[in-house]
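Would you mind keeping the following structure in view while I ask a few things?
Going in written order, the chains are labelled A, B and C, and every chain counts its residues from 1.
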Amino acid sequence: MDWQLVTQSLGGGILTGSVYGVAAVGLALVFGVVGVVNFAHGAMIMLGMYVVWYLHQWTSLDPFLLSLVAAVVGLGLGWFIQYVLVNKVMGTGQEGPLLVTVGISLIFVAVAEFVFSSNPRSVKPSYGDATFSVGPAQFSVTRLIAMLAAVAFTLALHNVLRKTDLGRSIRAVSQNRTAAQLMGLNVATVYAAAMALGAASAFFAGGVSASLLPVTPNAGLSLMLMSFVAAVLGGLGSIRGAFAAGIIVGLAEGAGALLLEGTLKTLVVFALFVLVLLLRPEGVFKR
Amino acid sequence: MTEADVVLRAVGVHVAFGGLRAVDNVDLEVRRGELLAIVGPNGAGKTTLFNVLAGALRPTKGSVLLDGEDITRQPSHRRAKAGISRTFQHVRPFLDETVLRNVAVAALANGHRRAAADTRAAELLERVGLGGRLGKRAGELGLGERKRLELARALALEPKVLLLDEVMAGLNPVEVQRIGELLQEIRRVTSVNIVLIEHLLKVVHTLADRVVVLDAGAVLVEGTPAAVFRDERVIEAYLGRKYAAS
Amino acid sequence: MTSSSTGKPDTSTGKPGTVPVQARPGRSGLNRTVKLVAGALLALVIVWIAAAGSNHLLGLATVALMFGAISGAWAMAGGLGGLFSLGHAAFFGIGAYTTAFLFAGHGVSPWLGMVAGVVLAAVFGACTTWLSVRFRVRGSYFALVTLAWAEMLRVIVSNVTPLGRSNGILVPYKAEPTFADLQFSDPRAYYALAVLYAVVVTVIFMVVKRTRFGWRLSAVRGDEDAAAASGVDVRRVLVAVMALSAAVTAAGGTLYVQYMQFIDPELAFSPTVSIDIAIRAVIGGPMVALGPLAGSGAMTTMTEWLKMSVSDSPAMNVLLFGVAVILAGRYFRNGLAGIGASALQWIGRRKERHDGS
């Protein structure tokens, strides 16, 4: 086996996987706290890409810095969505939230197509051509910074959940909704906060990806599927688990690229996904 | 007591959830024609044992025999057809269906066609006092009516053994009385054997032929109601040590 | 979706034992009349389009009927069975690709191709659903798993050379098509075929709903444990309904590919297709035989109207679907059919009040 190819694929897997990881963290957070699988996550990632692309066109600031702005946009949008739409269909089975989040996703994609058209856009940071080497393999500096940004964001989110009052409320609700309610927490607000943070991580993941992938209205879909895989693999609801699983997914994809040609590499990830969903020992059909 | 007198038998049943032993080496027999009551404090493993008998839960160890045949590995729906039917501790009617359909769908298990199933269901619902509710949605029924609906649904399987999990819980005295009379009538008319999980000791006293007391997953005492409720170990399990000592 | 479980005894509806079995016969009579009227109206529109419609209208109606019927196939599993699939593109694509591959590559009649596709899709649907049911994957997770299966097929087909990789398969148009080729020179023939398909799907839906199988299915959708305790083999019922739904969907794939004469991995397997199929049923009402067709008709009509009067961007379509789905999820869980039923109840109540006074 070609050693250079192996390093290149697996190293690339780790770099990409960290972006999956930060996206998966948001999905896992929303699931763990609100109990909803957010089918609009991919569309949120895509909007994050466009926010960064647009602001980069306008200000020429560093795209990773702009990803923070995207995260703030996501924060507001997530809050709004949960408060105005998803909260209203909670407690009527899974179909309500499923329909509402699928609908939101369709609207976001349509809006992106209206506003930005479906022509692919790209973002190139000032250091876009720089590379670095690890052993025989070469990677772009952009991907490294993307990974560092993903790690930093995840750590920050982790600290928000650990150290702040808001974080404590969120965790209280995720552990025991009824008890949290009895303690006087406003569950609707906590749900909205969780969705806000979840959307922020989606927007941030999108913002980071804008420098790595072509920006199109449908770009969120494959990223969403990857983050679904990671969130499920990480145990749905665990922040650290989701991030670590994101890296595993990236590695699996890298390994797939070694074994299979072209787009077939994603098969490995889907196979992993189906296996994990089916074989999770405790089952995942109910919380 | 010959083997032919035993309808349903549990042999050395163990159920463990993780490290917790919910049911610990329980032997149980349901004899032909009797009404057996299972009592015990909360968490004694009564419902878990029921789930093992009904096939909703596979025991960690041990086996279940119906008329001498080992049915331990049979899933719920097969057991329902073979003659074990059950009601749920927290009633579970099909809320969006009519009262009639709730029962008729169970009557299908006997190979009835739709019309016959409807007729059979209507008869049973009449018997449990829901004859006037056939066209209502089950979700519109009150708790007492839902309990009787589940009873009719369980009877529609024409069972050999009827497992009733706290069929009186949450009901007012009038409704309790009504279900008690209903059970006695069912025993008069059919040859079904009834196993009852019940908290109301008065009900157990009047209805049961035999009582099994479960505590911490194991059989503590068994015997006639009168004998069992005089037993010190039972009083202790129910009321705590202080009362027993005094 | 209703669940009024206030454990209190119900006193509002009179003493037990006094209400006759056929509660309020007037309303069910009214219901039947309305169903008949709706069916007749639909038939009228269908005939009118065939007789008077332009080729453009005929084309729109053909696709609306095909997808409405496929959506009806979805509703057997997604509505009656409670298995919300977001992967029906898999079955649609299997039908379309099997037919196109056999016809374009080997000259096999599309009718035989349809049979092959139907069998393949049924087997695929049965196997994947068996796995999900076996491991208790339900609700949103079920939707996710089905999405993943369809994506896997998309990726695989995009990489298989005999299936044309990502270029897809062009179905050759015979100079003098025969019935055996499932190709016609008159667009009205395709339209008639779509009508026939829609009728067959509707009949299957009604049969499924009303037979003992449908009773069992309905029990399973309501409460799986209670259904099992009532002697229903939950796993068998769910696997069977998905196999049926998959088979009927695949037949639609055959018709579609013969009509469009082209298929590629995106058109066949992309999540957009799965979502489209599910949404037409959700909007029309997934529990009613004519619901998906009505939903499909409404969506196509709205899309066309928007195209002509507002904007011809394809995004308009997607936007509309999104809004409709949110409304369905938030307010009208039984879609247009549910709205119709509520309207009927309202009329019924008014009539009762009127008769009473």
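A few comments on the model shown:
Definition applied: contacts are C-beta pairs under 8 Å (C-beta built on N, C-alpha and C of every residue); 3 or more make two chains touch, one makes a residue touch a chain.
On a predicted model such as this, the values are computed, not experimentally measured, just so you know.
Chain-to-chain contact here is organised linearly: an open path runs through the chains from one end to the other.
Taking the mean of all protein C-alpha atoms as the reference point, the chain centroid lying nearest to it belongs to C. Annotation: 32 Å between the Cα-based centres of chain A and chain C. Centre-to-centre separation of chain A and chain B, using mean CA positions: 49 Å. The geometric centre of chain B is 41 Å away from that of chain C, both derived from CA atoms. Considering their complex, residues 2-5, 7-10, 13, 15-23, 211-212, 215-216, 218-219, 222-223, 225-234 of chain C touch chain B. Residues of chain A touching chain C in their complex: 36-37, 39, 85, 88-89, 92-100, 102-111, 113-114, 217, 221, 225, 228, 232, 261-264, 266-267, 270-271, 273-274, 277-280, 283-286. Across the complex, chain B meets chain C through its residues 54-56, 75-78, 80-81, 85-86, 88, 92-97, 101, 104-106, 108-109, 113-114, 117, 122, 129-137, 139-145, 153-154, 156-157, 170.
Chain contact summary for the complex, chain C toward chain A: residues 1, 84, 86, 131-132, 134-145, 147-149, 151-152, 155-156, 158-159, 271, 275, 279, 282, 311, 313-319, 321-330, 333.
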